[in-house]
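Following this line, the structures themselves.
Paired with subunit B in one complex and with subunit C in the other, subunit A is shared by the two complexes that follow.
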Partner chain A sequence: MKNAIGREIPELIDGFGQTVPFAGAFQTTPTMQRQAPKVKTIRPGQSKLMDSLEEVFKKIPITDGMTLSFHHHFRNGDGVVNMVLETAAKLGIKGLKIALSSVFPVHAPMIEHIKNGVVTALDTNYMSGPVAQAVSKGILEKPVILRTHGGRARAIECGQLNIDVAFIAAPAADDYGNINGVQGPAACGSLGYAFPDAEFASNVVAVTDHLVEYPLSPVSIPQTRVDYVVKVERVGDPKGIVSGTTRITKDPVGLKIADAAARVIEASGLLKDGFSFQTGAGGASLATAHFVRQMMERKNITGSFALGGITGYMVEMLEKGLFKKLMDVQGFDLDAIRSIAANPNHMEISANFYASPFNNGCAVNKLDVVILGATEIDTDFNVNVVTGSDGVIMGGSGGHADAAAGASITIVVANLLRGRLPIIVDRVLTATTPGETIDVLVTERGVAVNPRRSDLKEKLLAAGLPVKEIAELKSEAERIAGVPDSLVTGERIVAVVEYRDGTIIDVVRQLEE
Partner chain B sequence: MSGVLKTAQAGTLESGDIMITIASGPSDSGIVLELDSIVLAQYGKAISQTIRAVLTAQGITDVYIKAVDRGALDCTIKARTLTALGRAGAVLKEDLV
Partner chain C sequence: MELRRSMLFIPGNSPAMLQNGGVFGADSVILDLEDAVAPTEKDSARMLVAHALQHVDYGTSETVVRINPLDTFGEQDIRAIVPCEPGALMVPKVQSAADIKKVAEWVAGAEKPGQAPVKLVALLETPQGIQEAYSIAQADSRVVALALGAEDYTASLGAQRSKEGSEIFTARSMVVNAAAAAGIQSIDTPFTDANDEEGLREDTITAKKFGFKGKLAINPRQVDIIHSIYNPSLADIDWAEQVVAALQKAEAEGSGVASLNGKMVDAPIVSRAQQILYLANLLGLRKETVE
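What follows is the complex of A and B.
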């Protein structure tokens, strides 16, 4: 059957089950109860401290077919997932489902565990590197479930992703299970994506290399939710966890796009006191923050908050009084960690608080403007951030679809041509974020406004921005590069792309060999 | 002229460029084209057509060509192919001006 954006979704997917097709960004309402893990007790004097992961496995016990969850704040420096899976393999455990909020190149050893049957299912919001490539080639029998950051939190809270054991990579912990992300050699800042796991998993294990005297403070994840604490030699490689500083791009095309995006924000009328903003850490997205900042300084504007993954650049804006608060679900660099540890206006928020569609309100709903990227966008404004030009999985929504749904204005910044490839196509290979939630596309050769936002189009025209139809921009790119042939995909489904509300927005099919 | 005199190369492996290597082929081998491209799925046919069209226009029939493409536009592909032919002695220098 076809879903609301015309993607063909099978009613039944092997290894996934029945599907509910995407019906529109706000068309699906929840009918379930919140998930409630078993009530536990612990006696005075009882210790939570375990000598090894192996001991934890035996104590819980972890058995075949369980779901183990992990969070991705250690990014490409993570050591915990590999350690836990190695322990599982050593103990001969099979058929595990791994619910890891993002998969990075460092997780390549998972491929062996998949081949050996230790891991048979994967549930994630973003994947890049060897595991993503192997999945694209069909290494897993069951399709991977690709969620959004808010959707993962929703699935956990609503009992659709049931976690047997959550392993929390803990930069600092005490022997009673209090955890924070701001101390120790592997400090990563916010632990926001681990909060739903800690709150709703049947068992919670803190894995740390920085065990401190009780009680640890500040506490991000409390002792009341943690069953066991394991000290290991090293939870990760700090070099892969944070970057030193995040720099503004010097690429002239990127800067031109960022400048135009900032002028779109100005023309929208939202750039005034109380302005709220989210942007990514990459290329034109962060550069947009730079131009927005200049406008705010010039006009003496104080924003209310910046949201999402936080970089040193946003910290500087907080410290200069350009934003009153930062709401941080993930820190990207050393400045973000320093700030969240010391500044009460730099808040650590959970994935649910950030972006879950099924609660009494998430932070993305309060956003004025979000700047997002795209690998492809189609003439209906649907965006692909999952598959690359070769059809291989190289990313995922993360918070893309969440922020797009919540913000008053969602701006996609992208080069009209990436290498030779036009960014605008008739039909994206994989739809991640529905076009109804995308308002403006900004490229170096013009700005296209979603026809649903004629109000905005008038404002941009009045401000003298180079507004064009999206089809016009598409033909401009094709005049330069030629019309690309489409990729040929096979039948087999290697990933199911879930929208934030749990409906299926698209599937990723294996490429023909 | 139906072949090339010596092996020659034009272009680089920079993004947006294409590196063309031309060598003589045995007589009656035809045009043997080996193409590697970062946009093979989307533009493989188009690149191959462009290169073959340049060769045909120059009357080259028996030749081995290796093209390593990094997303070059059509104009670049034509220019690199012509230059490689020139260096291989298959095109008169005046033709390139």
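What follows is the complex of A and C.
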């Protein structure tokens, strides 16, 4: 059957089950109860400290077919996933489902565990590197579930992603299971994506290389939810966890796009006292913050908050008084860690608080403007951030679809031509974020406004911005680069792309060899 | 007269930059075959630039190609590039009127029948070139601008290049004056620190005060800043409109002399006001006040 954006979704998918097709960004109303893990008790004098992961496995005990969860705050410096899977393999455990909020190149050893049957299912919000490539080629029997950051929090809270054991990579912990992300050699800042796992998993294990005297302070994840603590030699490689300082791009085309995006924000009328903003850490997205900042300084505007993944640039804006608060679900660099540890106006928020659609209100709903990227966008404004031009999985929604749904204005910034390829297509290979939640596309050769937002289009035209129809931009790109041949995919489904509300927005099919 | 507030260099060996050269809004793009390209890459860059001229849309930007010096690959460049219909060629290290005459002859020989004449911009970057500025400006009707290249010039003077530029005071004056005397444009040397926006702003204000009609740019980020200096301000436009109104009023009243705020509106003032309004109209800056 076809879903609301015309994607063909089978009613039943092998290894996934019955599907509910995407019906529109706000068309699904929840009817379930919240998930509740079993009540536990710990007696005075009872120790949570374990000698090894192996001991934890035996103590719980972890058995075939269980779901183990992990957060991705260590990004490409993570050591915990590989360590845990190695232990599982050693103990001969099979059929595990791995719920890891994002998969990075460092997780390549997982491929061997998939081949050996230790891992048979994967649930994630973003994947890049060898595991993503192997999945695209069909290494897993069951399709991978690709969620959004908010959608993962929702799935956990609503009992759709049941976690048997959450392994929390902990930069600092005490022997009673209190955890924070701001101390120790593997400090990563906010632990936002680990919060739902800690709150709703049946068992919670803190894995740390920085065990401190009780009580740890500050506490991000409290002892009341943690069953066991394991000290290991090293939880990760700090070099892969954070960068030094995130810098504004020097690419002139990226800057041109960012400048235009900032002018779109100005023309929208939202840039005034109380302004709230989210942007990514990459290329044109972060550069947009730079131009927005110049406008705020010039007009003496104090914003309310900046949200999402936080870089040193946003920290500087907080410290200069341009924003009153930062709401941080994930830190990207050393400045973000320093700030969240010291500044009470730099708040650590959970994935649930950030973006889950099924609670009593998430932070993206309070956003004025979000700046997002895209690998492809179609003439209906549907965005793909999952598959690359070769059809291989190279990303995922992360918070993309969440922030797009929540913000008053969602702006996609993208080069009209990426290498030799036009970014605008008739139909994206994989739909991640529905066009109804995208308002403006900003490229180096013009700005396109979603026809749903004629109000905005008028404002942008009045401000003298180079507004064009999206089809016009598409043909402009094709005049330069030609029309690329469309990809031929196979029939087998290797990933199911879930919208934040749990409906299915698209599927990723295996590539023809 | 065409606007050349900004003339932006684009490396002739970078396909990505050649493809995107038109998106920065520069009045001219200079596709560079000279300094940006290593000697071993001259042939491939020449082919790339020739291809770009025929297939890339540079929008409203004039296409200029900086060829190599006449004693190296200059003639080869002209033969390959001119038939691709660039708006102009920039000729580096021009020393004398004879250089321009030679180039003009080569260009005429390379033009296709019916092709719009390719213009020339003479880049003066030696003490001799500066000294000969006026005869260079007058050497051929194809020459539409003199541009100053201060880096090579100060190197041959043995002077230290500085941000405030006192060492190029004479050269700037001579280039501006020679160009004005010959009735063509003068374009100032580029500001070479792409990261110093404030420095660029100051340097462009200086150039404008000297009388330069535009400035070379070595980075796309410089274009908007240069334009912001060269564009007439709203106060300028307002003043110019008042001058024109005063003039019209005087004419209507049959008075030979117009005055504005107690000052006589004489010919130089009128000419300056007309220039401001011409520029403002061209750039669409008067729309708001008209509506």
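We take it that the second predicted complex is superposed on the first by the 513 of 513 C-alpha atoms of A that agree within 3 Å, B and C clash if a C-alpha of one lies under 4 Å from a C-alpha of the other, contacts with A are read in each partner's own complex, and residues count from 1 in each chain.
Assume contacts are C-beta pairs under 8 Å (C-beta built on N, C-alpha and C of every residue); 3 or more make two chains touch, one makes a residue touch a chain.
Computed from a predicted structure; not experimentally measured.
Trainee: Report for A:458: first if it touches subunit B alone, second if subunit C alone, otherwise both or neither.
Mentor: In the superposition, A:458 touches no partner, neither subunit B nor subunit C.
Trainee: More residues of subunit A are touched by which partner: subunit B or subunit C?
Mentor: Greater contact footprint in residues on subunit A: B.
Trainee: Between subunit B (first) and subunit C (second), which does A:421 come into contact with in this model arrangement: first, second, both, or neither?
Mentor: Only subunit B; A:421 stays clear of subunit C.
Trainee: Touch test for A:480: subunit B only (first), subunit C only (second), both, or neither?
Mentor: It touches subunit B and subunit C both.
Trainee: Quick check for you: in the superposed arrangement, does A:445 touch first (subunit B), second (subunit C), both or neither?
Mentor: second
Trainee: Could you tell me if A:390 is touching subunit B, subunit C, both of them or neither one (first, second, both, neither)?
Mentor: first
Trainee: Let me test your reading of the model: by the given contact rule, A:252 touches which partner, first (subunit B), second (subunit C), both or neither?
Mentor: second
Trainee: What is the shared patch of subunit A, the residues that subunit B and subunit C both contact?
Mentor: Correct list for subunit A: 480.
Trainee: Using the touch definition up top, name the residues of subunit C that touch subunit A in the complex.
Mentor: Within the complex, subunit C touches subunit A at residues 19-20, 23-24, 55-57, 219-221, 224.
Trainee: Given the complex with subunit A, which residues does subunit B contribute to the contact?
Mentor: Against subunit A, the touching part of subunit B is residues 15-16, 38-39, 41-46, 70-74.
Trainee: Can you name the residues of subunit A that touch subunit B in the complex?
Mentor: Residues of subunit A touching subunit B: 389-391, 419-421, 480-482, 484-488.
Trainee: In the complex formed with subunit C, which residues of subunit A make contact?
Mentor: Result: residues 252-253, 255-256, 259, 417, 444-445, 479-480 of subunit A touch subunit C.
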